[in-house]
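Per-chain numbering from 1; labels A, B, C and D assigned in written order.
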Amino acid sequence: MHHEDALQRLKYIEGHIRGIQRMLEDDKYCIDVIRQIQAVQAALNKVSNKILEGHLNACVTTAIRGDDLAERERVVNEITSIFSTANEL
Amino acid sequence: MHHEDALQRLKYIEGHIRGIQRMLEDDKYCIDVIRQIQAVQAALNKVSNKILEGHLNACVTTAIRGDDLAERERVVNEITSIFSTANEL
Amino acid sequence: MHHEDALQRLKYIEGHIRGIQRMLEDDKYCIDVIRQIQAVQAALNKVSNKILEGHLNACVTTAIRGDDLAERERVVNEITSIFSTANEL
Amino acid sequence: MHHEDALQRLKYIEGHIRGIQRMLEDDKYCIDVIRQIQAVQAALNKVSNKILEGHLNACVTTAIRGDDLAERERVVNEITSIFSTANEL
């Protein structure tokens, strides 16, 4: 269900990016182009948030409730890693 | 020339986003999907940087060297505005 | 232990911010001031990452392994929420 | 005037950071600490925006209206550079 929503958003984002390509081809004003790119980035943030939410409620919960210590460590490290990258974007 | 480069990058990014859609359809691991979304965001940052660079060297320089005070104020405010949005993404 | 490290980093960051105040008082070049502010922000990202890492390994793991469903939901929502804010900064 | 405002904000931010240190010493809940760090980062973004605004209206306008081509190139490159870093934070 989360994936269905994320997929729809990504299809919309793909169309948005084609729109920005047309803006460049039509030599539109630079600042307007940058603003549309920033709108796409905000939309991508929302997709990431949705996917992380689903991931925490499914895989992460299963892993942490399980008895495989290495697996628990792995899922925790992955979350720290994408949070760290989110901070750098 | 700047626009040509930006256009090429956006075409590549469009393909990247279609690839992420396929990852979702194939039910790939969430963290891998999020990492690909973050890669697209980094690529979009580079496109914005390129376009801003061209804009500063062309429109902004022309406006600031011109005598239309309102126009000079306008280009300066636009740059502050996209910098502010960049900080919020 | 995580907190000890985070505390040390925050003391260093506090000194860094006092240094930036002196730069403003001494009328230093704006771009150099902005670069120092960006360095502080990168340092704060590292502190957040450290604290989140400790949190996932302690509180979150305990909550998710526990039987209180509302508590499990709460810790998961908190992580989604700070990830979402990280994306907006 | 811009600097006066930025200085006041940085003094407030310094106090905020000391408050976060106390939160760590008092072993406050991790998520609350991370939220306060994110609030400081948002406040620092506002300071950067203010300083850039002043810089564009003063130094950049002077340089671009001047006849020193190398100087004009330098101020433009600096803005591209801090915009690029803002995108990476």
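To be clear about the criterion, a residue touches a chain if its C-beta (ideal position, glycine included) is under 8 Å from a C-beta of that chain, and two chains touch if they have at least 3 such contacts.
These numbers were taken from a predicted model, which means no experiment stands behind them.
When you average the Cα atoms of each chain and compare centres, the chain farthest from chain A turns out to be D. Centre-to-centre separation of chain A and chain C, using mean CA positions: 21 Å.
The centroid of the Cα atoms in chain A and the matching centroid in chain B are 16 Å apart.
Between the Cα centres of chain B and chain C there is a gap of 26 Å. Residue positions of chain A touching 2 or more other chains: 45, 48, 52, 82, 86-89. Judged by the touch criterion defined above, the protein chains are all mutually in contact, each touching every other. Across the complex, chain A is touched by residues 45, 48-49, 52-53, 56-57, 60-61, 64-65, 72, 76, 79-80, 82-84, 86-89 of chain C. Across the complex, chain C is touched by residues 3, 6-7, 10-11, 13-14, 17-18, 20-21, 24-25, 27, 29-31, 33-35, 37-38, 40-42, 44-45, 47-48, 51-52, 54-55, 59, 78, 82, 85-86, 89 of chain D. Chain contact summary for the complex, chain B toward chain C: residues 87-89.
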